[in-house]
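Here it is, the structure, as structure tokens.
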Amino acid sequence: MVRVTVWGENVHERTEDAVRERYPDGMHGAVAAGLRQVLGDQVETRTATLDQPEHGLPQDVIDQTDVLTWWGHIAHDQVEDAIVDRVHRAVLGGMGLLVLHSGHYSKILQRVLGTSCSLKWRNEGERELVWTVNPAHPIAQGVPHPIVIPEQEMYGEHFDIPEPDELVFISSFAGGEVFRSGCCFQRGAGRIFYFSPGDQDYPVYFQPEIQRVLANAVTWATPRTRGPVPEAPNAPRDWYLT
Amino acid sequence: MVRVTVWGENVHERTEDAVRERYPDGMHGAVAAGLRQVLGDQVETRTATLDQPEHGLPQDVIDQTDVLTWWGHIAHDQVEDAIVDRVHRAVLGGMGLLVLHSGHYSKILQRVLGTSCSLKWRNEGERELVWTVNPAHPIAQGVPHPIVIPEQEMYGEHFDIPEPDELVFISSFAGGEVFRSGCCFQRGAGRIFYFSPGDQDYPVYFQPEIQRVLANAVTWATPRTRGPVPEAPNAPRDWYLT
Amino acid sequence: MVRVTVWGENVHERTEDAVRERYPDGMHGAVAAGLRQVLGDQVETRTATLDQPEHGLPQDVIDQTDVLTWWGHIAHDQVEDAIVDRVHRAVLGGMGLLVLHSGHYSKILQRVLGTSCSLKWRNEGERELVWTVNPAHPIAQGVPHPIVIPEQEMYGEHFDIPEPDELVFISSFAGGEVFRSGCCFQRGAGRIFYFSPGDQDYPVYFQPEIQRVLANAVTWATPRTRGPVPEAPNAPRDWYLT
Amino acid sequence: MVRVTVWGENVHERTEDAVRERYPDGMHGAVAAGLRQVLGDQVETRTATLDQPEHGLPQDVIDQTDVLTWWGHIAHDQVEDAIVDRVHRAVLGGMGLLVLHSGHYSKILQRVLGTSCSLKWRNEGERELVWTVNPAHPIAQGVPHPIVIPEQEMYGEHFDIPEPDELVFISSFAGGEVFRSGCCFQRGAGRIFYFSPGDQDYPVYFQPEIQRVLANAVTWATPRTRGPVPEAPNAPRDWYLT
């Protein structure tokens, strides 16, 4: 049983009719439902949103979260630094983190990757093809090659991230751009997966293939160990023999 | 001054009129000319072909080669294992190696990478866009983003290679496929760059942007050190203090 | 249930009294027993040795093997190339491979890594400390930091391997040398782990901590997918939409 | 000509007699002198310290710096966040960064790496051996294998950093610990090298072999391109054809 907290910015859904109609339970609701659809009783989901106290992420929620998923877009700057610190410490201690689409510009992704995470973009509803470049990777199991997304926002290179520890997916768009759309990182004891498909203007999170990727990523990112962030300890000589 | 040996299979050029007209000096001749065009008197080129004794690669040629470029296609199996062994040892000892396009299936690339190097392909003259994903990389300097190749054979994922040490270019094709088209590896002391653009049916090696990439790659792959392949030495205790 | 075939060269055990006394069931027997000790009924082991027909590795055994472990030392050159080809293809298709200690110079490791795999060595029964550098890695779970091996052959850098995909363990020796003693690679669909502790002259494979590492590595290397080596397929335009 | 700014915390040198006697020109002075010793007129050095306005790093100094070296220890928290932001942006834009020894806990290294950078330590003047694990790397050229440092503070694993893009050196200590002592990273367009030898209590920065490593690292980290941090640009369809 893996415990997932699905975090959603939940602004577009409240302020734009089209988005609310598309995602009546919020984008976080759709992401959570997709995980339950694929993983069934292997997963326990809760959701948290920006407008809640502590953005829905008090310490005890974090402590009970194996994997946190993060979708944000127009309110990245409203996320309090103290909460980002808390999430960061949890990731270093082992919590898994899935950052979705426009979350590329979230404080937490910039924090763990150390780069600007900038990219090129264009929102014209172009066909996206998501190709698997590491078919043996756990996140690629059961995923068609390629996933065809009829309409999506274009995200294109150059994507300013560190060289991923493992690259799983590369997307192409109708306009010809390419994008490293599925990237694995490890920071401290925590596994991080960035996955770019999914936008408030398109029903991408209802596609079963996308749900499969997210479910696989949750399983992959589930901690094997969980602890505090290490602090530099003094080590007496031969401490390891005692 | 870097000494480059440009190896060409030189079969298509001798057996197909269209290829001979396109590449009157052979594809190896075009690759060598492109290097001289960009690098001027910083480079010294020679060519070698399959039909020559020892495929034009006797030991003394290898010994005087800083970087070897390799293009082959329909005669990979005619390359003698003894010559592959010789090239392999030179790479481990520090010689640079550029493997081009259909050279993905050459014995030498399979030897150094340890995988099948298979890929998907389709030869319909599609537009290829070569995108830079690591703009600070030495091989990407002065290269447009993207390079536009009007007509090319499609090479698509999955490309069965080890995760590259550094990924520099990703291509998309008109048909929607993507391909990791510029990949860096190190084996022993030798630097290896695989670059997929370039085919006997299209004049790709005459494009200045492609010539720039190859010239950059030659510079990047020039050895910093050159020696024999190490053999496992017995090391007396504290040998390093003597 | 993971099916492991433990391959042993089985020469020292037959020709040296001290080794036979130390490893009465062969080193392969000790490795297999250690896996059963840790993994219980999650593992099914069989052994195979050099002196058997096809070195105990006919195609049907390979087909029924999820993970192959490989220990060899003085008879690497007696392993038939056809069997190495067979193992290689299986790894590319997904079979896991654990290469142990002096197996660094085996044909199969050189084949998948593409380097000489040379190293420095000294056999004086020195204390080896095996330190974990990636404590969140699945192979490091439940492993003490460091593992203390009272007496071992020294293996020291430079170890001529490609940069590992993941580095899990680094050893130090009483004489001061260091060695990348636990290295992960992926080739094709197969996961490969090289682990250096373990020698015919020392009872290393009886240490529970070492058995734990090997058991973890078997679990890590168990295929998520298994298939033939891909051959470069022609892909008609828009094949992926059919 | 590479322009290096050598940043020093300069606290121990002002408050401890023994350190002042050991490093009469400050540790920054010793580092800068070592670079000039090796690189001669290929390098231009300036120094900057914590106690200066803007820590000696106003924007115009940063703009004229190709590579910044960073040594700090007991006053990491006194470095203003605005200066860390400035250095961070410069690195992403291409400036090289060398972080030395106790700089592992500096704000700037934590910022670019995204981890705690914690480690084990013990200050008992133990012999450190610095082994090269990638002898073909530019930073290892002309460096003995190993470097012997008679007395040093012990830094040991686990070192909480992301898997380095390239690992160049591993150290062992008299007490048996190991440490990844020379690690390469890229963030944005900037190259980063962490090198652990060097402490206020030992004259390590006067050793020619250490000076050689630092000089090599400066050359390696010199920008190939320098620009602003990219911001996510909107890209009209086919922008790349205009």
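Order of writing sets the labels: A, B, C and D. Residues in every chain begin at 1.
We take it that a residue touches a chain if its C-beta (ideal position, glycine included) is under 8 Å from a C-beta of that chain, and two chains touch if they have at least 3 such contacts.
The chain lineup, named per UniProt: A, B, C, D = ThuA domain-containing protein.
Fair warning: this is a prediction, and the values are worked out from it, not measured in the lab.
Chemist: Minimal path length between chain A and chain C through chains that touch?
Modeler: Minimum number of steps from chain A to chain C: 1.
Chemist: Looking only at C-beta pairs in contact, point me to the busier pair out of C-D and B-C.
Modeler: B-C
Chemist: Could you tell me the distance, in whole angstrom, between the mean C-alpha positions of chain C and chain D?
Modeler: Distance between chain centres: 37 Å.
Chemist: Could you please state the distance in Å, as a whole number, between where the Cα atoms of chain B are centred and where those of chain C are centred?
Modeler: 32
Chemist: Give me the residues of chain A that touch two or more other chains.
Modeler: Touching at least two other chains: 129, 134-135, 145-146, 156, 158, 163, 165-166, 176-177, 186, 188, 240.
Chemist: Applying the document's contact rule, which stretches of chain A touch chain D when the two form their complex?
Modeler: 88, 92, 105, 111-116, 118-122, 124, 154, 156, 158, 160, 162-163, 165, 175-177, 185-188, 229-238, 240
Chemist: Give the list of chain B residues in touch with chain A in this complex.
Modeler: 127, 129, 131-135, 145-146, 156-159, 163, 166-167, 170-172, 176-178, 180
Chemist: If you look only at chain D, which of its residues touch chain B in the complex?
Modeler: 94, 129, 134-138, 141, 145-146, 148, 165-166, 186, 188-191, 223-225, 240-241
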